[in-house]
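These notes open a run of structures that come right after.
Presented sequentially are two complexes of chain A, the first with chain B as partner and the second with chain C.
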Partner chain A sequence: MSTETANTNLQDAQLRAGIDRSLRHPVMFFLTSGAAWLAISMILGIISSAKMHAPGFMDGCSWLTYGRTQAAHLNTLIYGWGFQAAFGVIIWIMSRLSRQECKAAGIILTAGHVWNLGVSLGVLGILAGYGTGMPWMEFPSFAWPVLLISYLAIMIWSMVQFKVRPEGHVYISQWYLLAAMIWFPWVYLTANLLLHVFPGHPIMANGINAWFKSSLVFLFFTPVALSAAFYLTPKVTGRPIYSYSLARLGFWSLAIIMPWAGMQKLAGAPVPFFIPYLGAAATILFFIPAFTAVFNILRTASADMEIVNHSPSLRFTMVGVFGLLVMAVAAVFLNLPGSTLKLTQFSLSGYGFEILAIYAFFSFVMFGAIYFIVPRITRREWISRRLIKMHFYLSIYGIITVAIVAIFGGWMQGLGQEQFDQPWESAALRAYPYVWATTISWCFILMSNLFFFLHLTFMWLGLGRRSNHPTLLISAHGHSPHGDEGDIDNAGSISAH
Partner chain B sequence: MSSNSPQSNQKPDLDETINVTQAHGRVASETAATAREHRIADNGHEPISLWVIISCGLVLLIAGAVLGNAGPWFDYDALVKPKYVRGTPPGAPPEGPASKEALPAYIAKGQKIYSANCNGCHGADGRGGPTFPSLAGSGWVTGNTQKFSMVVLNGLKGPTSTGKDYGVMAAIGAGLKAEELAALMTFARNSFGNSTGDIVTIEMAQAAIDASKARETPGTSVTAEELTAKHNIMLPGAVLDPKTPVDPSKLTPVK
Partner chain C sequence: MSFRTFFLSLSASFGVAWLAIVIVPYFEMRSIEPVAMGEEATGTNAIYIPKRAGRVADGSQVYAANGCYLCHTQLIRPDYAGNDVFRSDFAGLVNKEEGIDTRRESNVFDFAGEKFAHIGINRMGPDLSNLAVRVEATYAKGISAEQWLYRHLYNPRLEPARSHSNCPSFRFLFVEKKVTGNPSDEALPFKGDKGEEIVPNSEGRALVSYLLSLKKDNPVPPVFDFKSTEESSTSAATPAP
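So, the complex of A and B:
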């Protein structure tokens, strides 16, 4: 390597280190408070799931009735964890790819606190019984302007960074991020204006709500997670993305198809006949943007399976990408009008699909990104390989059970519901074993995320390992290019502070 | 690696007391994670595999079939059949509006016809006014039904049951169907304080319409003399028990 290249590399590394440094407070705040909300959401999920098979469980407390805990469970999962993880990852990736230090860390951090305040008050509102009853929008109506304004205060700086980026190529991740940053306020403002400010016919309100849910998944969480996956995979493996034209096909098909999805939830409702069919067709077509991206990312990573196995970031990301593949196939098979759509419309299956999207796909990719980002901004390595492994295995077994059981159990429940000459109780009884399994697997996922939250908090407190070598998921008895724990020489560690 | 560390601006007061090797070591340590990163290389340009396109094409086919099943989209006439009646699911109990007791069903239907046709003159409370006769307590309304029906069907000229002359009433009920006339008369005989408690059946109403056509001067208003002379009888027909269950819109008894 020539001296010039070495110098460029050093300057590059220092620029990257400077960017990471400038972002350390907001990003660590988003990730850690997001992880805390995730754990809270799991607890609420366990309570609400338990109530479906043990209705007497905590029935003395009106704050913890099913209608409130289930709503609080999903809203904390989405706005507490999902969005905050997305914020942390978006501002970091955008700064890195636009090669700009963050100059508004203080404003972002403040807006992040406002967002958290909005979510906290909203969740308290739901638990106190002031929820709106609109799925994923249950926060009392005071919350949405607060969330929207703090969202804009957080995201606008990434837009500015993109605008003033150095000349040159716009990377795939930036397409997805920029699109997601613009799509979310459009979707959120439209849904809230049409439901809270200018309410129309209640049947159409139901449809708008269904469209909002679908758009949040397909037009925000999906592009953010794909952006992170398209960033991490070549970054960790050191290989270029397999096919640029395939990525373009994936992006544009997502942008063109997915805004049409969602209203298939109105199947059978007195709305113009084509609306549910259009929604179903668009949701089925989610396969195209999803599958092309999955194929592209897996082909890039599969060239070096050893790295995928060893790197925590890549392992989580690949599981997330695989989750996207499952989600894409489920989108095809859950939305066939005339056969499956009516079975899944009012059953557990919808919940299963949502959890598949938010946890098995989005959250796993976010975990991957967090395992990559945190050592860089804290300048410490992850403390324990074992904690990462606990997080990985408990999460993966938990989420596979929740998603499969809820989708399959919902299908069985739907079959029960179709037998209209039987009492409703028989449909509920069919779901009984599956709900039990869901409760147990949420317990696994809760445990896994408590480990994750603990680990992340230690990192936030600066208790990470000081080392030049990353924490890899290599068995202590296996071979390691860096020795056991990858930390023999402790090079560079000093007690300067 | 080069030793001219650009980190010097972080330590402007660098002096002899600082161990340069150690300081450089710290720089290396702080950027360790970033330094070992790979740069993102140029995008690959592999062609899109055939089987990726085929898989996407299959899904496109499925989605197209779904859209094809959506029917003729915006064509309202093709989507909504005239006189559409919802089909009965197999094994379900026969559908249809729930049956109702005869008297309230006749009164409910009669009230609608009354509101549409009679309200304007006789008033919602049936008490008429200075220029229109009252139906409440009227001897003709609560008396013999054929007399009452002739007034409804043909209109009236001259004095009413009280002997007072209000001028001419037009043949407001001329176009009523038998079940409408039956409902209207039953309503009038059991409202505004009137309570005969009986029902003018559809059969009786049909007899009234026939009798009206059979008059010597059909199409002209009746007078008190004609009513007393020719129509002072109850309409013929089987009596209906007021508690018989009937279809609330057709007013026919149901089993």
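So, the complex of A and C:
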């Protein structure tokens, strides 16, 4: 190796270490508080799911009535966990790929605290009975400007970093991140202004809300998770992405198709006829951006299945990508106008699909990213392979049950609803066993995330292992299958960025 | 691709959909043209004025804050989008002997007075579009519709036939208070201790008033009426002898 290359490599390693150091406080703050919110959301989910089959459970207390805990469950899952995991991952990946140290860690951290304050007050507002009744926007109306402003204060720096990056390659991950960073405030501002500030027709207001939910899934959580998957897979396997032109097709089809989705939830409502059908068509077409991305990522990873098996990051990511595949298939089969749309429109399937998107796809990829990022910014390795495995398997068992059961159960429930000559109770009874299964699997997922939260907190407290060997799921001996970067003491062995 | 081109393409691809399905329909629907009753059907040339009585605005807020929309819908879909209209207790009231058929689909005027139409996302419980019609015609026997709804909200599993309901109890919308003078008309028939009675609080009253406004039995123009479309389609299929 010539001295010049060695020097460049050393500079590279120092740059990476510098980036990681500059971001360690905000990123760890987002990830740990996100994990705490996730655990809270699971607890609320168990309470509300249990109330579906045991209505007497914690009954009669206004704060814990089903309608409030279920709303709080989903809002903490989205704004407490989902967004904060996304923030942590976005600012780190963007800094690394733009090769810029973060110069605003203090502001980001402060804005992160404000975000958490907004979410906490919003959740208390829901539980206290000030919810707005608009799904996924139940926080009382004081919350949205707080969240929007802290979002901008957190994200603007990543945008600036991209703008002032050294000339060079723009990575696929960066396309997705930039797009998500632009789409979200646009969607959020539109929905909140229309629903809180410019009152319109009540039915169209409901349509805006349905579009908002769908946009949050397809235009924020999906691109952020895809970005992390497109970052982690080549990084950990040490191979380039299988096809850039396929990735381009996937990205632009997402950008062109998905803004139209969402209003199929208003099929049969008195709105202009084309709106729900465009929504159904766009949601069905989600399989194009999803399949291209899944194929691309799996092709990249399948080159070395041993690494997929060893690396916690990659194993979580691959399950997440598989979750995307299931989600895309579900998007097709739940939204066919004329056959399945009317069955699933008002059933458990809606919830099942949301959980599939947010947990089975987005959260799994975020877990993968977190298992990759945290050792690098704390400069310690994960403490225990067993804790990671517990998190992995309990989450998988749980999520398969929740998503599949809710989707299939919703379908059955819809069939019952359509049998108009049967009494209504028969339709309601059909959903019962599935509701039971949901409660049990949320318990699994809660357990899995308590392990995760515990592990992450130890890492945050600086109690991680001091070692040159990453914590792998199979064996820690021999050559590090994490690539050269497995050695987190970055001043040592080096790889290209 | 430069950042500028990227940003512009992204804005264009998003902006088209944003304008076409969000902004334009939203602002178009802020002003709905009135619909004439139709001279042939009703003998008058009047305009259809949707009628709705009760504490719609604040009752709707109680409905929202307690998450009723998570289990109940308020949408009767046309028959191409579901079988709701054929469930007579959802879509209206059918009494063939007396020639009553108030079934119809939801129309654009049905949510008048509300800020947000609680169409709902799941039907763990029945559709509530015509709840008041059902309560008045079938459920409330010997008591007022209001009384029935108060009892039902206090304990949804009170009647043996409803022992399987998984609707939560809304006991927190009621207060126990001392009877002063005559007992309240709204008092629940459950014994409070020593001269106490259980009466709804102001939120409970608003909610029940809102629920009683959920009825679609006033005459509507033929374009909105399921019955007339059903008749016209059957008469078209089988011409009169």
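In this text, the second predicted complex is superposed on the first by the 470 of 497 C-alpha atoms of A that agree within 3 Å, B and C clash if a C-alpha of one lies under 4 Å from a C-alpha of the other, contacts with A are read in each partner's own complex, and residues count from 1 in each chain.
To be clear about the criterion, contacts are C-beta pairs under 8 Å (C-beta built on N, C-alpha and C of every residue); 3 or more make two chains touch, one makes a residue touch a chain.
Here the structure is a predicted model, which means the values were calculated and not measured.
By the touch criterion defined above, A:Leu278 reaches both chain B and chain C. Taking chain A as the reference chain, the count of touched residues is higher for C when chain B and chain C are set side by side.
After overlaying the two complexes on the shared chain, residue contacts for A:Phe420 are found with chain B and with chain C alike. Of the two partner chains placed by the overlay, only chain C lies in contact with A:Phe162; chain B stays clear of it. Residue contacts after overlaying the shared chain place A:Lys342 against chain C, while chain B stays out of touching range. In the superposition on chain A, A:Ala247 contacts chain B only, with no contact to chain C. In the superposition on chain A, A:Leu472 makes contact with neither chain B nor chain C. Of the two partner chains, chain C is the only one touched by A:Thr190; chain B is not.
In the superposed pair of complexes, A:Leu77 makes contact with neither chain B nor chain C. Residues 272, 278, 338, 420-421 of chain A contact both chain B in one complex and chain C in the other. Every residue of chain C that touches chain A in the complex is listed here, in rising order: 1, 3, 6-7, 9-11, 13-14, 16-18, 20-23, 25-30, 32, 60-61, 63-71, 73, 75, 77-78, 80-84, 86-87, 89, 105-108, 110-111, 114-126, 156-157, 164-172.
Interface residues of chain A, counted against chain C in their complex, comprise 51-53, 55-56, 59-62, 65-68, 70-71, 129-135, 162-163, 170, 175, 178-179, 182-183, 186, 190, 194-195, 199-209, 211, 219, 252, 255-256, 259-260, 263, 265-272, 275, 278-279, 338, 341-342, 345-348, 350-351, 413, 417-421, 424-425, 427-429, 431. Contacts from chain A toward chain B in the complex involve residues 3, 6-7, 9-14, 16-17, 20, 171-172, 231, 234-247, 249, 272-274, 277-278, 280-282, 284-285, 287-288, 291-292, 295, 299-300, 332, 335-338, 375-376, 379, 381, 420-421, 466-468, 470, 491-494, 496.
Those residues of chain B that touch chain A in the shared complex are 1-2, 6-7, 22, 25-49, 52, 55-56, 59-60, 62-64, 66-67, 69-71, 73-74, 79, 89, 91-92.
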